[in-house]
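Letters A, B, C, D and E mark the chains in the order given here, with residues in each chain numbered from 1 onward.
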Amino acid sequence: MSEFTPKMDGIVEAEIERTTGPWREAWRNFRKSKVAVAGMVIILFFVLLAIFGPFIAKEGINQQMPADRLQPPSAEYWLGTDDFGRDILSRIIHGARISLSVGFLSVIASVVVGSFLGIVAGYYGRWTDTIISRIFDIMLAFPSILLAIAIVSVLGPGLENALIAIAIINVPNFGRLIRSKVLSIKEDEYIMAAKAIGMKDARILFSHILPNSMAPVIVQGTLAVATAILEAAALGFLGLGAQAPQPEWGKMLADSKSYLQSAPWTMIFPGLSIMLTVLGFNLMGDGLRDALDPKMKN
Amino acid sequence: MSTTPLLKVKNLKKYFPVKKGMFGKTVGYVKAVDDVSFFVNEGETLGIVGESGCGKSTTGRVLMRLLEPTDGQIEFDRKDLASLSQEEMRKTRRDIQMVFQDPYASLNPRHTIGKILEEPLIVHGVSDAKERKKKVREFLEIVGLNAYHAKRYPHQFSGGQRQRIGIARALMTNPKLIIADEPVSALDVSIQAQVLNLMQDLQKEFNLTYIFIAHDLGVVRHISDRVAVMYLGKMVEVADSEQLYEKPLHPYTQALLSAVPVPDPDYQKEQIIIEGDIPNPADPPTGCTFHTRCPFKMDICTKVTPQLTEHTTGHSVACHLYVSQVDDDIKQLEGSL
Amino acid sequence: MLSYVGRRLLQLIPVLLGMVFIVFMMVRAIPGNPAQVILGQQASPEAIAAMNARLGLDQPWFIQFFKYLGGILQGDLGESMRTRLPVAEEIWPHLAATMELAFFAMIIAIIVGVNAGIVSAWFQNSWFDYIAMILALVGVSMPIFWLGLLGQWAFAIEFSWLPTAGREQVRDPVHAITHLYIIDTIIQGRFDQLFQVLRHLILPGIALATIPMAIIARMTRSSMLEVMRSDYIRTARAKGQKMFWVVYKHAFKNAVIPVLTVIGLQMGMLLGGAILTETIFAWPGIGRYIYDAINFRDYPVIQSAILIVAFIFVMINLIVDLLYSLIDSRIKYD
Amino acid sequence: MNDRNKILDVKDLQTTFFTDSGKVPAVDHIDFHLRDGEILGIVGESGCGKSVTSLSIMGLVPSPPGKITGGEIVYNGRNLIGLSEKEMRQIRGNDIAMIFQEPMTSLNPLFTIGNQMVEAILIHEKGWSKKQAQERAVEMLKLVGLPRADALLKDYPHQLSGGMRQRVMIAMALVCNPKILIADEPTTALDVTIQAQILKLMKDLNVRLGTAILLITHDLGVVAETCERVIVMYAGQIIEEAPTKLIFEDPQHPYTKGLIQSVPDMRVKKERLHSIPGNVPKPGSITSGCRFAARCDFAFDRCFQENPELYETADVHQTRCFLYDEGRVKSDVHNAFIES
Amino acid sequence: GGNGSSGSTKDTLVFGRGGDSTSLDPSRVTEGETFKVTVNLYETLLNFGEQDTTIQPGLAKEWNTDDGLTYTFKLQEGVKFHDGTDFNSEAVVKNFERWANGDADKFPYYKSMFGGFKDDEEHVIESVTADGDHTVIIKLKRPQAPFLKNIAMSMFAIASPTAFEKGDDQFERNPVGTGPFKFVEWKANDSITIEKFDEYWQKGLPKLDKVIFRSYPDNSARLNALIAGEIDLADGINPADGEKIEGNADLQLIERPSMNVGYLGLTVTRPPFDKKEVRQAMNYAIDKKTIIESFFEGRANSAKNPMPPSISGYNDDIEEYEYNPEKAKELLAKAGYPDGFEMELWAMPVPRPYMPDGAKVAEVIQSNLAEIGVKAKIVSFEWPTYLDKASKGEADAFMLGWTGDNGDADNFLYVLLDEDNIGSNNYTYFKNDEMHNLFIDAQTEVDEDKRIELYKKAQEIIHEEAPWVPLAHSTPLLAATKDLTGFVPHPTGSDLLSNVEFK
């Protein structure tokens, strides 16, 4: 049989584009979008701050200098000092670590839990689907910030608990996303093809359905990091999130509310940091969406 | 070409329930495949034609039990597929493979061609990775691609090339029967010819049996030994392709053939333009489902469903015109004796 | 259609029951004893015990739950532990305050967001598009408490153009009838007060509108872009129709459904999630009410208020679903 | 036939898409004309620029990324390129109307048939009342053979079958008595039996109303049955143009010939189909030489270096192939074909 | 202010405060925001002094007692309730009967102040009887030292019997008293409006026509409203804003006389705070001066005793623990913790007059403790949880404070530190038999000088045992527009507004 060479209309080599896998492809698309790259640069900036910042600004995040309270930005204190006489720049740099970890960790947690529930619901269907979907419905019927407040009230204020609360409120979003993705991919023709070659269900799930539902999860995940950072800041602002003396941005904002007029820098910079980071993730999420999953809408 | 049927289908039905309301009450059925019987001989090609929604794809899928049949028998290689367990059926699938219509949707965009082609082997227990790789290379070349294409992803290929990949995938397990569901409908004319030629070559080489589903009558004639015409879930006519195209019996087949534009401005054909649209399959007409559009409608057509009966050897038709005619013929015969 | 509404309402029952249960359990999981909170630091242990008994908190949780559930079924939302007023009566002014604010914000968000989205899609890749979309992204990235504070600082304090907080002029309070002050002032013909009420709405309204506005703009744009590519838009243009009408009539009507969904979701969010804005602008709304209730461990208020907010949220989504079928006759509910 | 007016004259039209991955010359210097009352076919495989040609005529090329980068489209003595949007609107629907491939999606799903037809009328008939417009709509619906035309006005598109929708599209296109109807693959999405109905209708209307039709299709059969004259496009260019009879009897361009041979014939069973090797190129992917050279059995050096022009091989027949260059001997060509 | 006072003359005072009242029946609540309003609607038999807690005539113009068991009150004549009914001795009796017939859940304060209800053993009041229209006689079962001060507390205001007889729940929404202002409207969580009572018995009062109490939960929002001219008087000013207000020509800063204490409680049942040395070390380690300078903006006095100096019985001879980390370290070493230890430091989540910003003070304490090798982790809960957990003894060290209700030493020392109040207000679980006896004696001691001695002694014990680190007696701040006069802030936090007017 190997000597069989059908009278074939040969394929000209050059006709096949020489690009690589879908991920690399996505990266190429992503790179093309200026906004997305801008987003990535912003995020990278803050990530670098989070990683290396504490070495640069080692001194003084909790160093109280009563003599230097509420100093405006100057050569010594680039972004001024707060009411303890602490250097705001150092605190913002350290705050990047907090905000980013809360953002990433909570989203990772919700993705893991949400994906698991979503797959179970979408793939096995029937009553498991009904129950899980109802639970998602119920959770989504609560305004998320209220739910977060309630959860933090139960667990007690604190950064870890705020993180948990944010993770919990995001679970149904991912669960639903994955579920709908699984449901729609289940109907795709290549799944039909996989069945036709006699593939087992579990293998179909892990080799076909899961990898193909990852793109929207990544996109949604990036955007969710943005919201998670905002939510953490909101909880911090309400005094339910990070606790003193953690330099969490939302908390820094809340702490400096009363200096709005007398020392506006104490609240302008933390707010700006929140906004920029969140903007970075939103920009990147948008870019990723265009690159990975052009069909997915807002 | 032997004459033992490889596949025998009897009274096959597939009804899709139409559900409504909160509790999903079934309020009716779409009879996508309604009491269809036919056979396919080893090494031949059976073409199935019909307009969209008539149940061609459903028939193909039910044969492989990608959809569970509502009723009927599917005898393949002396086994009744309809009664196999899921696991047994899964194993049997190595002998029946499928080629899909949409070359874009039927390949997983995240897998390389190599992986796509390897999968059937893994699934059916070829554990030696080297052997698998070798076989993948071999088949890539058989379908006219190159071995190094195994590293590429589907989106890097054109439609025709993808369809070749789809065909290669179907060939990987050495199947006996390939069900091809509109394998060329999505392709450009010049590419379509390439793929049709390939399929014909492969059939000869591997002694394959095809069920070739299409709506393009020209394509079907070209590739098929026998042709079945479907209308609204039923088979209305089955014959050798030569016979069917030369001497169509069913009014629907006649209309269909006359409606196909022929790329020859000088060709004079008799135009039968049938009026109206295909009825809703969830609410098909009574009696002969074609009677709403039939130019030869009789009273009986609205009441009695005609059965597919053999009109002449190897040429069956489901139409009251011929039932009575046959009867007449018999009478005449009797009279002359 | 009516039967569809009925069915949807029926389907709501398990969701609402689940919500009642979750809220009930969660509220009880919050550490802290309501009696202690009500009676304050000074209270003696006996007083607390007596208070617990009066509040029925000495009973097992399931009895409390079924009592509460029974009450709800009879339309009784319970009584605030703190103020001893029926929740049903107490909640409305707060709800009204939030609704007025949320509607106002939503109207701004819709008018600006939808038009920005449409124009961005119409002139895709134009300067307007770029700027609008970057602004929209900044909008969704905005910590609104920060925006609110900055707005308050700039427009209320530094320039004194707008009031800093509250719903009305404190010195000349609106006589509440419906508690929706816009309506109340109109009924009473107090247009001077109406003007003041509107002025009070501006800052918190804009702060609250920012995020939905941005989301609506983005949604409208992407939905419009998709629609604008469709064949019937080409058909409309091929007829010789003016681009304005093609965009605003043919395209927008088709693009509106996902936008409506977002509006529905955001409206729900605003009703319950305005708490930060309400805090900053001293707006006596429902978010603040619930937040305070949590602080006071006022179980019936927390339970019932969250329930009502969630119910409204679910109802808004139902209404949005029904609107779909008004817009698109292909969507039929029966 | 030839003495009829050129009602539309497309000269050296170029339409380019400026995409992220570079310039795509979707329509690459094409010239053709449409005469009063004729049915002109444009055939070609997917992506060869048929739709872009028709959209260019209508001034509806999606922009950005598309732009007409050169040439003229002369209608009634006026060059349509460069007209203001307002002037173009006067022409669309009124002088040149268009119907599209997908009847399922070409009607706005959220407006009634009546609404959409009346809109089409009122755009151009400024003085008309709504009632008048409705009457006209009913009249047109009857003309295209739709039963219960009155009731139909209140229906939404989704309540009609594909064939009915395409009839509605035709009725709507003809409502202002346009001189030209551009039909972009009007039957591709339809079943053959319905396709036959629609093609017959279009031929009837062409005779009765005298509307010139530019029929775009990829189906050679449709061309053979419907058109008087055919243009064959390949990769953004016209490669052959001739009256229908001639194209099928004496196809000149190797592509045209290959195309005709590769179609399975319903009447006779061919042992093996002729097939053109390789793939349909993306527009812009081949920039030098003949666009077809890589797939052509007759290609020689020159084909890879220069792009041939359209050679007039007969009075009414033009071919873009060096085989028909003046310099070459006709018989050579013939022999080459016979050998193949 | 952008929106000045449109139309309305300066007869209306808008008083911005932190929260809404929960009830307008003062006897039913314990919460200060309620009293802020009710003190203007009702009057009590006796009053506190304008800015202190000395006993002054109120609805009773004279009173006397011979033995500390029988008190005779002569009532003002010609006083009317807002509903037009007469104020007389019968009304007083009815008010006392109402309270005595209640229960702990209804009238919690009554129980705390008078030991119990009608049939209770502990109930101090034997009887309340009318002697004619304008004389009331109250008999006690046993002497109660702060009895008159109790009578003067806002919660024991005399209400119109016709009003409260309509039902308690109805009444608390429709208060009727004899005060200078009568109730107009209550918008929940938003504002309460009261207006001048024309038939008020003190001629010429009140000077204002209308007072609107408006809630601004956020301190900065409230100040902003004041700056913008939306309100005239703002309670709860952050010390940090004091300077700014003083620098604003349109505003005046008002200091409320201090009658509070903010402290760091050390739960003596939790090691290592079961060791006296450790507790003393904490006292030495904390730099109160910095705390006061930074977060009270200097508007507080450093505290050395659990009660403020203004209260009689204050022991000024006690020598304050100085800020001395070295000494603290020594003590720690002595107690067996030379390298310090780890602990949780509970920070108050809410601002209180005695502690404007708990979290920030905690941060200073944290860094102070770090210097002596003690690693403190700052912990916070929501306020109710905080109190609940702290009262269960779950905190190592917690910040808290107290504002006096009636200016009596008992109201600080006994309530906060006696073993009887473990589980309620004695969060430190501190217990000392000697001190307990001193308190019990003092409660029935009618001789003021002797009482003072007893309390001074108790403070010595407390100083030595150091269950607390007393931090500060703060001066709560208010701010008002410049033209506001006649406002005299009261140490209890409930301010009578009858003399307020605009110049």
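Note that a contact is a pair of C-beta atoms (placed from the backbone, for glycine too) under 8 Å apart; a residue touches a chain by one contact, two chains touch by 3 or more.
Computed from a prediction, not measured in an experiment: that's the story for all the values here.
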Touching subunit C and subunit E alike: which chains? A
Pair exhibiting more inter-chain C-beta contacts, A-E or A-B: A-B
Give, as an integer number of Å, the spacing between the C-alpha centres of subunit C and subunit B. 56
Give, as an integer number of Å, the spacing between the C-alpha centres of subunit E and subunit D. 90
Distance between chain centroids, defined by C-alpha means - subunit B, subunit D (Å): 33
Roughly how far is subunit A from subunit C, going centre to centre by Cα mean, in whole Å? 25
Among the residues of subunit B, which are close enough to touch at least two other chains? 158, 161, 194, 197
Contacts with two or more other chains occur in subunit A at residues 9-11, 15, 153, 156, 257, 260-261
Shared-contact residues (touching 2 or more other chains) in subunit D: 275-277, 279
Residue numbers on subunit E that touch subunit C, as the complex places them: 1-3, 5-8, 12, 14, 19, 22-23, 30-31, 103-105, 108-109, 111-112, 169, 172-173, 185, 187-191, 193, 212, 214-218, 221-222, 224-225, 227-228, 230-231, 381-385, 387-389, 391, 402, 405, 415, 423-425
Partner subunit C, residues of subunit D touching it in the complex: 55, 58, 60, 62, 64, 85, 89-94, 97-98, 100-102, 105-111, 119-120, 123-124, 156, 158, 169, 172-173
Subunit D contacts subunit B in the complex at 45-46, 161-164, 191-197, 199-200, 218-226, 244-245, 248-249, 258-260, 262-267, 269-270, 272-277, 279-280
In their shared complex, subunit D is touched by residues of subunit B numbered 51-52, 158, 160-161, 188-194, 196-197, 200, 215-219, 221-223, 241-242, 245, 255-267, 271, 273-275, 277-278
Spell out the part of subunit B that touches subunit A in their complex, as residue ranges. 61, 64, 66, 90-94, 97-98, 100-102, 105-112, 119-120, 123-124, 138, 141-146, 149, 152-153, 155-158, 161, 166, 169, 172-173, 194, 197-198, 201-202, 205-206
